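The structures considered in this document are given below.
In what follows, chain A forms one complex with chain B and a second complex with chain C.
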Partner chain A sequence: MSGMSSVSDSDLVRRCRDGDQGAWNELVERYSRYVYAIAVRGFRLPDDDVEDVFQDVFTRIYTRLDTLRDDSALRPWIAQLTRRRCLDALANKGRETPVDEAGVHEESADLADVEEAFAVREALATLSENCQDILDRFFARDQSYKTIADELDIPSGTIASRIARCLGKLRSQLEGRYDPEDGSRG
Partner chain B sequence: MVSRCSPEWRDAPGVAAQANLISERAVELAHTDATVWDEALGALRGAENTPAEDPRRDFALEKKLTAAAAAPLEIATLGADAAALAALAGEHCEATYRADAAAAAALAAGGATAAAHLVRVNLGVRPSDPRLARALASERAAHDVAERLLESTR
Partner chain C sequence: MTRLYDEERLGVLLRILRPAPTGWVRAAQELPAARRQFDQIVARAEADASFRAALIADLEQTLAAEGYEPDRQILSEIRARLDND
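Showing the complex of A and B:
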């Protein structure tokens, strides 16, 4: 995890505008999977087109960052740039092969999944490192309670309740709620 | 179900989410177990037709048996996790559903026993094999929880 991984999107944009190379690297790292997911899962573009979209979107972000009006709206802005570029790619393909209209409509459901996945990812990033770690171990790495307990050196009997509490915090973040009971956000 | 029926319990949704995931994993592992065991059985039969001095025979067989041991071992581990989750639910859920949490733990313990049995008998592992030790530890952990819960709800 880089030192900038906890920097907000607004700060990241500001630092990029100031020419901070580290911030630009972080922006690419933070959003590369997002752009990729929209192109692949949302629009089902072939590999060659995905590569073109990817290059083009990040070139546009780099050259047009000054035109972003609300720095905190980086993600929707990137989503819009990516969607437009994907539609261009589909339109270009359509000159060679007709675009399947029904298929384009179906893609909106996949785009919603991509948006949801990234919303969860963003909410997850606001939780404490302990919470991020334990949720990642159980839900992404399929680790058992015993393995988690052994590796983190915490009592096995407390793992399930720790995960439940972290999920509660994640849910609060996703719903935009503040948790008054522990006075923190994760 | 126990968690979903306990709206006053703050961690209930988080426990229900874990229960869902464990349940999905169990189904996946059951399918995997059936597939890899079929393959191991095929390899065992194939070995009967391969000369004993062929070094590839033991290697191929060992590889298949290792894969076949992995799935029931994971199921045993999952049984222990399910029982632990049932223990947490039994402790915090609405009293009406405590017996259901105990029943869930008993079922999980049964699954862990069956899986450990497959690791021990069907796959021909030695008593000193660490995989068997892990499977038996999971079985024991699941049964300890189940017995405690069953006792508390009698």
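Showing the complex of A and C:
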């Protein structure tokens, strides 16, 4: 669900280079939200450009994976590919104001937020499946209490308390106080 | 230094990484097969002049007639390759 398995980026890259389709599927799953968020939130590209950027970035990742020097640096490499492709898209639109990467960085706290959000998602991936699921449904998928209750077959009156409990665990994890023994319950 | 998060900030951050459209993710996951198809078409176009001429005349129809179902990106790359050759 989260796209954040325990497999390291290095292992994922190595397996992708060996032609492992499952590893590629996981790489796409792990980074699809990240690429999407950089384009949508970091650069605020128009909708019709976002899909082109998204597919082109993953094509570049796939075709240039052999050029990645440090396999553990997959995320910054993907971020760089995505930022460059977003800048190309903006340039192609012929914006009146020239855009350069440094300018976008200076002006956009949103790109920093995307990085921080990724760290939060990595922390989320260490929680129970139940917590991952309910927090993702409520926050990232905008599902209502009723929808969550219906789809997970749990009483709607308990949704708010479950979300609060899972947020507490997530906060503890991020602040280094999470007890994995307690993480099996959502 | 440990960063402190309140629930509101966590909510904001969790909302940032929304799922990309399912079809886009699936298309990206199918890239290896699409690339293999691309390589196959290009190799055949290089080896078979009549196939290459048919591609130049009507790319999409020729590929469809041969049983290929390339996506938009692959079509664009094949078109670019034919233009450059």
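FYI, the second predicted complex is superposed on the first by the 106 of 186 C-alpha atoms of A that agree within 3 Å, B and C clash if a C-alpha of one lies under 4 Å from a C-alpha of the other, contacts with A are read in each partner's own complex, and residues count from 1 in each chain.
Throughout what follows, a residue touches a chain if its C-beta (ideal position, glycine included) is under 8 Å from a C-beta of that chain, and two chains touch if they have at least 3 such contacts.
Predicted, not measured: the structure shown is a model, and the values here were computed from it.
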item	value
Touched partner set for A:Arg171, first chain B, second chain C, both or neither	both
Touched partner set for A:Leu90, first chain B, second chain C, both or neither	neither
Touching partner for A:Arg33 - first (chain B), second (chain C), both, neither	second
Partner chain in contact with A:Gly157 - chain B first, chain C second, else both or neither	first
First (chain B), second (chain C), both or neither touched by A:Leu127	neither
Touching partner for A:Phe139 - first (chain B), second (chain C), both, neither	both
Chain B versus chain C as contact partner of A:Val13, first or second or both or neither	neither
Chain B versus chain C, judged by how many residues of chain A each one touches	C
Touched partner set for A:Gln21, first chain B, second chain C, both or neither	second
Residues of chain A that lie at the interface with chain B and also at the interface with chain C	139, 164, 167, 171
Residue ranges of chain B touching chain A (in the complex, touch as defined)	10-15, 17-18, 21, 25, 77-78, 80-81, 84-85, 87-88, 138, 141
For the chain A and chain C complex, residues of the former touching the latter	19, 21, 24-25, 28-29, 32-37, 40-41, 51, 54-56, 58-59, 62-63, 113-114, 116-118, 120-121, 124, 135-136, 139-141, 164, 167, 170-171, 174-176
Residue ranges of chain C in contact with chain A within the complex	2-7, 10-21, 24-25, 27-29, 31-32, 35, 73
Chain A - residues contacting chain B, complex	138-139, 142, 144-146, 156-157, 159-161, 163-168, 171
